[in-house]
Each structure stands twice: as C-alpha cells, then as structure tokens.
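The following pair of complexes shares a single chain, chain A, combined with chain B in the former and chain C in the latter.
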Partner chain A sequence: MLEGAEFYFNVDHGYLEGLVRGCKASLLTQQDYINLVQCETLEDVKIHLQTTDYGNFLANQTNPLTVSKIDTEMRKKLCREFEYFRNHSLEPLSTFFTYMTCSYMIDNVILLMNGALQKKSVKEILVKCHPLGRFTEMEAVNIAETPSDLFNAVLVETPLAPFFQDCMSENTLDELNIELLRNKLYKSYLEAFYKFCKNHGDVTAEIMCPILEFEADRRAFIITLNSFGTELSKDDRETLYPTCGKLYPEGLRLLAQAEDFDQMRRVADHYGVYKPLFEAVGDGSGGKTLEDVFYEREVQMNVLAFNRQFHYGVFYAYTKLKEQEMRNIVWIAECISQRHRTKINSYIPIL
Partner chain B sequence: MGSLFRSETMCLAQLFLQSGTAYECLSALGEKGLVQFRDLNQNVSSFQRKFVGEVKRCEELERILAYLVQEINRADIPLPEGETSPPAPPLKQVLEMQEQLQKLEVELREVTKNKEKLRKNLLELIEYTHMLRVTKTFVKRNVEFEPTYEEFPPLENDSLLDYSCMQRLGAKLGFVSGLINQGKVEAFEKMLWRVCKGYTIVTYAELDEPLEDPETGEVIKWYVFLISFWGEQIGHKVKKICDCYHCHVYPYPNTAEERKEIQEGLNTRIQDLYTVLHKTEDYLRQVLCKAAESVYSHVIQVKKMKAIYHMLNMCSFDVTNKCLIAEVWCPEADLHELRRALEEGSRESGATIPSFMNTIPTKETPPTLIRTNKFTEGFQNIVDAYGVGSYREVNPALFTIITFPFLFAVMFGDFGHGFVMFLFALLLVLNENHPRLNQSQEIMRMFFNGRYILLLMGLFSVYTGLIYNDCFSKSVNLFGSGWSVSAMYSSSHTPAEQKKMGLWNDSVVRHNRVLQLDPSIPGVFQGPYPLGIDPIWNLATNRLTFLNSFKMKMSVILGIIHMTFGVILGIFNHLHFRKKFNIYLVSVPELLFMLCIFGYLIFMIVYKWLVYSAETSRVAPSILIEFINMFLFPASETNGLYSGQFNFGEILMTQVIHSIEYCLGCISNTASYLRLWALSLAHAQLSDVLWTMLVRVGLRVDTTYGVLLLLPVIALFAVLTIFILLIMEGLSAFLHAIRLHWVEFQNKFYVGAGTKFVPFSFRLLSSKFSDDVA
Partner chain C sequence: MPIARQTSTTYEHLTSNTHAVCSSRAGVIWRPMVCWRRRASFCDCYKTSHVTKMLMGEVMREAAFSLAEAKFTAGDFSTTVIQNVNKAQVKIRAKKDNVAGVTLPVFEHYHEGTDSYELTGLARGGEQLAKLKRNYAKAVELLVELASLQTSFVTLDEAIKITNRRVNAIEHVIIPRIERTLAYIITELDEREREEFYRLKKIQEKKKILKEKSEKDLEQRRAAGEVMEPANLLAEEKDEDLLFE
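Here is the complex of A and B:
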C-alpha cells in the first residue's frame, strides 16, 4: 500500500465507511437496555425493539414469539447489512470481508461435521449455521471421512483452503479430532488474517493487529482452560495456540505447562494487558466469568476502533459489536422467557 | 378564518373523557382535526402504556390486512379505493371485524398453501417430463450401447437411493438424473470429479424453456444432467453432492418401455393437476375479489383506530380511574367546535355523564398555527422551510406573497420568458383538480405545489420585462423612441457650428464606426420613453454600461427598502410582545443606522438623477467615491479605545457584538442585494447570446436556404430557451430570491423558533395501500 492511505481511502471505501459509522450509531443505547430489562414478556421486547433501529423486523412473525425467532431475524438483519457492505466493496476491502466470514465458515463446517457424526440430518443443522458463514459446498461436508478428504473434495476451492496446510491427516473424524481440527483451522486462519492486516499497513494494521492479537491470546487462554482434565497432551495443546498474539512465544510455552486456573493466572500476571482482566474474574459463585471479562475487553477495543478514520477495522468492529448486541438481546430474552430474572443484568453493555 | 399576519392564539385545554366514551370522543376529534395532544406519559416507555394491548391488536389487524393486500396484488385484482373515508369502527364492531379478518386469513393461507403445493407438484412433474425428454437424446447418442443394457434384468429400486442400478461387468452401473440450476453446473461438475475421482460420466444439456419457481416467482434456467457411475459407495456420494447443490433428482428409467410408460403416466397426472389447479385458482380469486371490496375501508378504519389508541396512550388517568385526562392545544377560535365534538362523541356512545373540557392557564409556549389556503400555502412553505415562526410573531409569509415574486422578477426580467412561465403556471392552476397532477411525482410535484408562486413570478416577470424592455433579449418599440437621430444630422447649421456642437455630416458618418448621440443638442432627446427602457438602447454599444448603472442603483434602492421594511416589522413584534425598551434601544438605532447611511445613499442616487442633466453630466461626482469618503473622513480622527471600556460586563459585550454584527450585516446585506443586478444582467446576456448564436445566424443565410434552416433553428431556440433560460435560470433566480428573503429580509425581525401545530387529524393519515405493504 502507498503511504498516507487517508488521501486515497475515501475514493474506494469512503461510502462504506460512512455507512458503517451510521450503522454503529444505531446500536442499542444504555437506555434501551434499561427498558429491555424491564420487559415482562417477549411481546414487550418486540414492541421496544420496534422503537429502535431494528424497526418492525418481527412484524411478519406469527405468534407465539420465541427467542430463537428473534435470534434468527436479528442474524438475518446483520447478514443483509453485511452482504450490502460486501457487495459494494472494492479490493482489498473485499478480501478483508472474506477473511471476516472465514471464522463463521469454520464454525459452520465443524457444526455440520459434528452433526454428521451424530447422524442428524443436514437440514436440521443448516438452520443452526450462522448465515454469515454460509457457502454452497458446505452441505457436502459429510461426504468426507478424513481431514484430507474434506480438503480435497469439498473445501479446496473455498477461502478456507489455505488454512488446511497444518491439518492434513488421515485420522478418522471423531469428536476430539473435529475439535482439534477446528482449533487448528482457527489458528491458521487467525495467523493468516493477522498477516494480511500487518501487510496492509497504515491505520488498518494499527487498529486490527491489537484486536487480532487479543483474539489469539483469548483463544490460547480458553483452549488451556477447556483442556484441563481432558486427554489432550500438553504438546498437542501447544500446537493449537495461535502464534500471532502478545503471549507468543514465552507466554504460550508457560501456558502449555499450566495445570490449573491458578497457574494460568500466574502466566497472565506477566502481561500488563491481561493481569487486570484476570483480576476482574470473580471466584466461584458470584462475579464475572473469564469469558465475560474477555467479551467486555473485546467490546472496549471494538468501540475504540471507531475513534480512528480511514481503516477497515470499523467493519470488523461493527460486526463484532452487533454480534455482542445480539447476544445481549438473546440473553435478556432468554431470561424473560424462562422467568429467571436474577441474572438478567449480566449482559455486556456496549458503551 | 385566522389572519396570515400572526399565528393564531392558542389555549391549553384539559379534556375530561369518561373512560366509556373516550374512544368515540377521540374519533370525533380526529375527524375534525382540531387539537394537538400533549404527551402526559413522557417517561413511561412505550410498552408500559395503558392501551398497549389495543395497539397490539391494531398491529395484528394491520399485519393481516397487509397480507391480504399482498395476495390481492399478486393475483392482479384491482383494489378499489373509496371516495369517502369511513369513520373509525365502533368498538362493538372491532371484535367482529377481527374475527372476520382472521377467518379470512386462515382460509386464504390454506388455499394458497394448497395452491403452492399443487404448483410445486406440477412443476416437479413437468421437470420430470423434461428430464425424460432430454435424457432420451443422451441415450440415443450412444444407441449402440442400448442393447447391452437390456441384456441385464433391472434390479429392484433401491429404497434409499432414487436411482436404478444395473449389473455390468461385475460392478454396479447406476444412473442419477435430474435438473440443476444453471449457475451451479460448473461447481457441481468439479466437485463430482474431485469426490468420485473420475468414476462417473456426466452428460448435461440446457433446458430450452426456463421454469418459474413457485415460491419466489423467479424464472430460473435449468440444466438436465445424467450421471452414470460404477459402484455403490460412489452412488452414495453422488447422491449427497446432488443434495448439496439442491438438484432435483428424478428416477431414471432403465428401458425404453419404462420410459414411455412413465411419460404417459406423467402426462395424465399433469392434465389432472392442471384442472385441479385451475379450480383452486378460481376459488382463490373469488375469495380475494370478495376481500378486495372491503379491504380499503378496513385499512383506513384500522389506521384510524390505531391513531386513536396512540392518542389515548398520551392521556393520564385521574385518581378515581373513571376518567381519562388529556391536555391539548387548541386554537381559541375552535373552542366551541371542540365542545361540540366532545358532545357528539358522548352522545354516540350513549354515556350518561358527558365528557367535558376546560381551559387552563399556562406559561408554556404554544405551538404555531397559521391557517393557509391553496394560494398562501406555497409562500408559507417557503418561510417554514427557514424556520417555523415563534408563537404570535409577525409572519413574513404575508409580505413574501408580493416581495418574493417581485424580487424574482427583478432577476428574471424578460416578458417573453415571464409570459411562458405565466402560461405554464396558469395551465397548472386551471387543471389543479386533475387527478394525474395530484398524484404526480418528484419535480412535477414541486412545480405543482408551487403553481401559485410560479403564476405570480410569471406575472411579475412580464412587468419587469416591460420595464427592462426585454422580450427574448429583444426590445419592443411600442411608443416610438424618444431619441431622434435625424436631429444630429441637420444641415441648417454652418459647418463651423456643426463642428463645435459635434453634429454629424456625410464625412463623419462615413469615416466613424461608432457615432454618439448628444442629448444636449436640441431635438435629439425629446423626452423619456413612456414605459421602461427606451428601445433605442438595444442598438447602442454602451447599452451594458447604461443598464449596469441603472440596475445596480435599482438593486440597492430595492434592497434598502426591503430591509428597512423588515426592521419596521421588528417594531411590530416588539409592540406585540410589550418590549418597549427594545424599540428604543434596538429598532430605533437600527433604523437610524440604516437610514443615515443607506437611506442617505438612496437620497444621493435620486438627487443625482434629478439634479444633473445631460449638460451638467460631465461635472457630476461619482456616488461611490462620495460614499466611501463619507466613511474615510471620520476614520482619520478616531483615537482608538480607552482603557476599561468593557467593564460593563457581558450585556455590554453582547450589545457591542450585536451592534457590530448589525452594522457589518447591513453593509454586507446591501451588497447582497446587488445580486438582483447581477442575475438580471446574466439573464439578459444569456438570452442575448442565445439569440445571436442561433436565430441571427439562421436569419442571415440567404432566403432560399434560410427558410429551410430557420425551422430547426427556431426549434432549437425554443428548446434551449425553455431548458436554460426558463428552468435553469428560473431555478437560480428562485434560489436567490429565497436567500434574499431568508437572510437579508427575515433576519431583521423573524426569530422562527416555534413548533408547528400538528393537530390530531385523520386527514393526515395516508390513504394509500403502499405503506402497509412495505
């Protein structure tokens, strides 16, 4: 890229950046959340959402309203916006968008493979797939019996193909191997995305790299946390860590040796960024979970991305923020529909 | 009706609506559109309000109606729009209406579902026949292989796989055939190759006629394919790939007889389905036709009902819960109407206790209501676009009716163009009830809404055009010029006298390209032309110099009169709002400043016109220099600011800033009125250019060809006149006139910080279907 992207940025991407900033302004406000929490039924939620930018997106839904209906419609709305952005984008922003969809594609592929393993019908699982990660070849995933099969037959022409370089093996696809495949795919995906942003340079690199570094480290922590008490060996665990984060290399090596949460916390203590996060985690009964703390941090980074202009990070940040908002609405709606109001306030506000 | 000079007096009224009659009362009020409701539950969120259930019911009805309208439109049944708008439904009828609509919806959904299903079936059968027809050609191509297939007996159809298999050379030979979407063919074939590693043979051909998808109504092109493969494992995979690409797979017949049999069976089934489908469609049409009759009134009724409940949601309950209290703004003149509407509403519901109202004093600023008619509406809109007037302040729209077209005309002065514009506007005005004009869109709508403005603009342009003596850039000589050329060329004088007086003789005329008429010679100038500019200036080379001086001075005079008038209107505002000191300390100094400087400028202009004649014109001083000197003279004697000057605090500061702003503003505003001159000049020059470039060229060609040439030239002239001179120049003059009113005129007195009075009126509801469908 040329130096001083701000001079040329608006020629190609100015319209979309303006649009995405407008979309960001329509995210639910604190007042909206306060009102949503007060709702008695899902109908109330619907009425309140009508006064926001969601508009009458539920108007054509027949009664009774369910949380999953709300979720699907919200996803569809996000997907429509995203498709609009993508259809109007020029290179290299289009590639950036492709990278963004890859993570959803990986999730969908894994979901379908798990479904095939449990002998569920493809249609049943297709409903659960994230619309942003949809692609035609996806439905043929269950043809494959080994990862290399999967690559050769199904995914070779999709954007996921380059991420397969590390996971070509002839192992059968059982549950553990699928999970390993997911993490390996994700690892190479994150590294590739990171490289793309780094090579792009300019403000995009300045904004996106920290976000992706955080994403990589978060995955490392979560993988470590989830592998406690499983048959995953420490060496195998280390191969799953994405290497583009701040933890690389020493932190990851220490993490690979960790045996419980306290040891993990001790690793995080070496890093100024992660120490406060681990301190915020409540122990046992009350307080926030590690995941929530990570989500909050993610929201914070994404909101900050809007403070700079002329970069692609806003598109990433907007999608992530919108996802968080959807998670919040679903959380609140679940709490309301299950009459379990004690935890209704533990959504993650987008400030 | 209320006056246009000030907005109407408003009062705040409290309505006590008995809970049984509230709905009927609001219905009566809505039909009349008298009052604007205030939201008394501002801090109650939308889903916690009293009548939220009723609003939800209305929304449910709206949803059903939208569905009906969508189905009716899809069936191409005309939707009759009623002439009169039905009143909001009485509460007793609402339930009935709801039941009726719900029943209709259920029935309709069932019938459409059946129809869709039938059509889907039909489509499948048609696809199957197509497939059979096309695949036959595939086999024919390999006709020598066909007997080979027949040697082996066909196996039972595999229950899991919808294709048939054959035993051949120890391996199972199977076929899968079906249809695939045109766009997916390539990817499909690639994946087949990759997965089956070449153990398949794919043949496909494009289907000549595209088929319509019954769900989306999209017309899609299809390919028919036939895959032959060996081995059961591969068969499974092929099947999965077909699923993945959403292929429509149909069983493939093994023998020619079977094919024929299936074909015949299909044909009869298709025939049957067609008859059933026709019957279903007829029935559906009947149901929809019946629904279409009442759907318009239902849509309007539901809209009104929803509006009523929205208003009721703004009311608060009294302590006993028996009575709804609403606070409304109402024009004082309409109070008795309001009482009557409430009585009507109470009577209709048969309530024992009537609803009533009383006015309450308030310190809040009421909304602004200025009643307009179709003539004044456009002008009021121009003012409102700048800002809705504060309550009871002087409304500039009244004066805008005359000043706006006038200032426009000063810039657009050409009576040919003005007359065309006038005719166009007259056409719009005379046909204003024509339905096509009422429903016109975009730019035409703009013209239509401003038809009376256009009419006046055209008329005034005719007038200014006469004053400028411009008709399509040419002058008209109606009364005979006041200048006489022959007087310059008199032979009664001696040659010496002739030379002294600058008279012409033969040699002068022959040797000079430019000759000058001298008005001081007796007989040359016989007095001014009776109306406007003397047409002889059209021939003069110094025409522009003359016109510039005239128009520039005229602009300044008009501008200063306009602004002074604005300051005087400010006095009316101060008088009305009882701000006595504002008159002494704001308006009078403003007037003084304005008149002492710019009033004096006008005086100088007029004085110079009157006092200096042709004889003394050479010693006449320049007004511009005179005026500038007036400012420069005291400037040399000022000593600057003394210390501690601003200790009076903020008030003085703002006053000083305001006065400086006003003084500078006056100068810049006066200069701004020079746009009158500039635009009028530009307009005249542009039309002149058009004339010389086109018509004059056409007229100069010799007579035989000239006539032929003249026709396209005149046509081009007419088109360019309309598009450039009338529309483009007209828009630009319009914009500048708007600016002169908004900025130069209205900032002298108009605050424009009011809110518009928006009455609760059913007439403001849209009576279109399109809103519901969206």
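Here is the complex of A and C:
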C-alpha cells in the first residue's frame, strides 16, 4: 500500500471517520459515571441516561425495568450504529468490518452447533445470538446432523470457513470439545485479522497491530491462568495460543510450561510492556484481578487510537470502547438493583 | 356381708386405676413422654430452619452478585451453560431418621461425575466463573439442608397435631365418660348399701316387736296358770323317780 494515507483516505472513508469521531465524543464521561453510581434505583439510572447520548432508548420499556432490558436496548443501539457504518463503507473498510464481526460470528456458530447437535429449535437459539455476528446462513443450521456436515453444508460459505480449516487439519470437528473449538477458531481469526492489518500497512497497521498483539498475548495469559487445575494438557494449551503477539515464539513456549501464577509472572517479566501490568495485580480478593488490569490496558490503547487520523483503527476502537461502556453500565445497574454497593466503583473508566 | 364387700372392692379397684386419669384435670402431668419429645425436636427444627433461611438469603445474594461479576468479565455465557446441560452433578439421597417415634426423611447430597463446564470461560472470566460455581454450589448445599429441615418440620407438625388430637379426645371425651361411669357406679353402690342398711334396720325392728309380743303372751299365760313350767332339774329337791333314799 502506498504511504500517505492522508491524501486519499477521506475520499472513501472520510465521512465515516467523521461520524465515528462524533460518536466517540458521546461516550460517557467520568462525571456521568459518578452520577450513575449515586443512583438509588434503576429508574434513576434511566433518567440519568436520558441526559446522555442514549436519550430515550428506554422510553418504550414497560415496568419493571430490569438490567437485562437495559443491556438489550444498549446492544440494539450499538448494532444500529455499527450497521450504519458497515452499510456505508467501501473496500477495504468493508473487509475490516467483516473481520470485526467474525469474533461475534464465532460465538454464534458455536451456539448454533451446540443447539443443532442437541436438536434444539433454531428459533430459540437465533434469539440468543449476538446481533453483530449475524450471517445469512444462520437459519440453515438445523439441517446438519454432525459438525462436519454442518461445516460442509453451511459454514463453508461464511467468512469463517478458513478458520475452520485450520482446526480441521488435525482432527475432525466431531471429537473436539466445544470450548477448545471456540478458542482454536478465535486463534486463527486473530492471526488472519493481524495479517490483514499488516498487509494493509500505513497508519492502520501502526495502530491496529499493537492492539491485536496485545489481544493475542492477553488471550495467551488468560488461557494459561484459567487452565491451571483443569484437565487441559500443556500441548493442548499451546495450540490455543495465538501466534501474532509479542510473546511468540519464546514467551508462548515458556507459558505453555507454566504451572502456576508465579511462573506466568516470571514469563511476563521478560517483556517490558507486561511487567507493570502484572505488578498492578493485587492478590486475593481485595485488589484488581489480572483480567481487570488487561481490560484497563485495552481501554487505554483504544482511546489512544483516536489520536491519529486516517486509519481504520478508530472503528475498531470505538466498538470496543462502546462495549466496555455497556459492560460498565450493566455492572453499575446490577450493583444498584441487587443493593450490593461495595464494589460499584469497580467499573473500568474510559475517558 | 359378702356381697357388700365385693362391691366395695370393685369400687376401690376402679378408683385406684383411674386415679391417674382423674389427675389429668391438672392437664400437664399425664401427657405422654412422646408428645413432649416431639415438641422439643419441633422447636429445634424451627430454630435451625430460621437460622438456615437467613443464611440462605445471604448466600443467594452473594451468589447473584458473583453472577453479575462473572457477566462483567466473561460476557454473556448463560446460553452456553444452559445448552450444555446433560447430567446433574450434585444429587441427593433420601434417608429415614426416627425422632421420637416419627420417621423423618433426611436429604443428603453427594457429587457425581466431573465438571462439564471446566473449560467454560477459558479465554475470559475463568476466575470469576470458578468463584460463581463455588458460590452456587454452596447455595445448593444450603438448599438441600433447608429442604430436609422443612420436610421434617412439616412431618413433625402433622405428627404433633395427630397426637394433640388424640390427647384432647382422651382428655375431653374418654376420661369424662369413664368418670361419669365411675360416679354412677358409686351412687348405685351407695344406694344399695343404704337399702341394705335400711333393710337390716327394718328386720331388727320387726324382730324386736315379735319378741315383745311373745313375751307379753308368756306373761299372760303364766299369770293365768296355764303354763307349766317344765321341771327344773337343778331346783328340784325331791325326785320321784328315786326309789331309795
């Protein structure tokens, strides 16, 4: 790709970048969060959200207001915005958007496969699928009897086909544990996305590649942490690590051998980026968990993406920040509705 | 009189037997030991179930909050979990326990099989999911305990009601009936004794009158010289029959 994106980026994508920056400006600020935390009931939360960009999104809800209703409505709003961006995009931004939706598609496919294998009605499962991960062949899932059939008949048309092929090279889909399949798919997805961004070059690569590297390493750490004490073998674990991060190849090899948190920490200490993150992890129930620390770092990187112009990373960053905001609001709403306010400030602040 | 004696012994026999019954008028003393023991375990049951219910509230609250925490970190895993349900991991067995004559069912839980959700949340939120699993496992155990307590509470309640009804029936129906029978018998016996007494008295009177009459008669006849005194062997000086003197 030629350098100098500032010359021709705006021709195709300028309008959308402007739009997404406008949307980013309407993310909830610290003051909004302080107001939300002081609410006593979910009705108060609704009133406060009306003053933000969310507006009257809960206006048509019947009483009583529940946290899941708030969550669904927020997700609908995000989907509307995302679909708008996607429908107005041109290549290669459209491919970028497709890559972004692949992660949701993976979750949906796993859900559908599970449901189809257990002969559950497709309609029920479709309701539960993530709307951003919708693909056209979704309703056709119930014609398949086994996962391989499912793949050959249905999934081969979706953008997920190449990811499945990576997994199927070792053993057939039938024998794979559903969680392992999910993680393997995600690994190939992440690697493909990384390659796409890198090939695109330019500012996009400069912004997106570090973000995706962090995502890959974060997954490696979390998978290692969560597989202590389970029956996941070290070799299996290693096959789930995405290789597009900073940890590849040495760190991943060391991680695969790790058996407890301290060994993991020692691996992280070799890398200047991860050492301070691990140091910020509190122990036991009081301090932050590793996942919280990773979430904060992700939010930081996403916010920084808006400091550069003329790249696709703003769309990715905006979606991720919006999701984090949704998670924060749902967390605060849960704390309020369950009257368990001790940890209400454990949301991840964004701006 | 043999007959009177017999009736009086019957009377005594009856009183000694129902003496305990009559003291039930005081109410408390006679209630059988069984009743009291059942009441005691009933109170125990109630207290324990009250404590357990409060604890249950706390544990459920904690578990619901850990669900919110897990959802924050791991996203929405509820559909995955619900879809992968096959066999139960925690099962309960029902045993019978005998308390004060009442058989109470007692539930105890046991684990079977491995955790099929071990790898859920492998990439996100595994720690919170593990905490969630622990909290809800605790909640389930408490629920089982509560179920045992509740059933024993209800069964004991039934048993105590039945026993109470029986006690009341005996106290207010059977015992008064027997007492009335007793009173009747006593009055009957009294009356008969009075009759007997009266009869004896009358006979004595009559005899007296007869005796007086016969004496009078004798006097009269003696006075008229018709009465021949029979020979008095002791007073006689001369005996005619003696030939030689």
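One rule holds for everything that comes next: the second predicted complex is superposed on the first by the 316 of 351 C-alpha atoms of A that agree within 3 Å, B and C clash if a C-alpha of one lies under 4 Å from a C-alpha of the other, contacts with A are read in each partner's own complex, and residues count from 1 in each chain.
Heads up, the rule we're going with is that contacts are C-beta pairs under 8 Å (C-beta built on N, C-alpha and C of every residue); 3 or more make two chains touch, one makes a residue touch a chain.
Being a predicted model, the structure only gives us computed values, none of them experimental.
Shared-chain residue A:223: touches chain C; no touch with chain B. Contacts of A:331 after superposition on the shared chain: chain C is touched, whereas chain B is not. In the superposed pair of complexes, A:232 makes contact with chain C only, with no contact to chain B.
Taking chain A as the reference chain, the count of touched residues is higher for C when chain B and chain C are set side by side. Of the two partner chains, chain C is the only one that A:179 touches; chain B does not reach it. Using the contact criterion defined above for the overlaid structures, shared-chain residue A:136 touches chain B, although it does not reach chain C.
The residues of chain C lying in touch with chain A in their complex are 61, 64-65, 68-69, 71-73, 79-80, 83-84, 118-128.
Across the complex, chain A meets chain B through its residues 35, 38-39, 43-44, 47-48, 50-51, 59-60, 122, 136-140, 142-143, 152-154, 156-157. Contact residues of chain A toward chain C in the complex are 110-111, 114-115, 118, 120, 125, 128, 177-180, 182-183, 186, 219, 222-223, 225-227, 230-232, 240, 289-292, 295, 327, 330-331, 334-335, 338, 340, 343.
Chain B makes touch with chain A in their complex at residues 45-48, 52, 56, 59, 63, 184, 187, 190-191, 194-195, 237, 240-241, 243-245.
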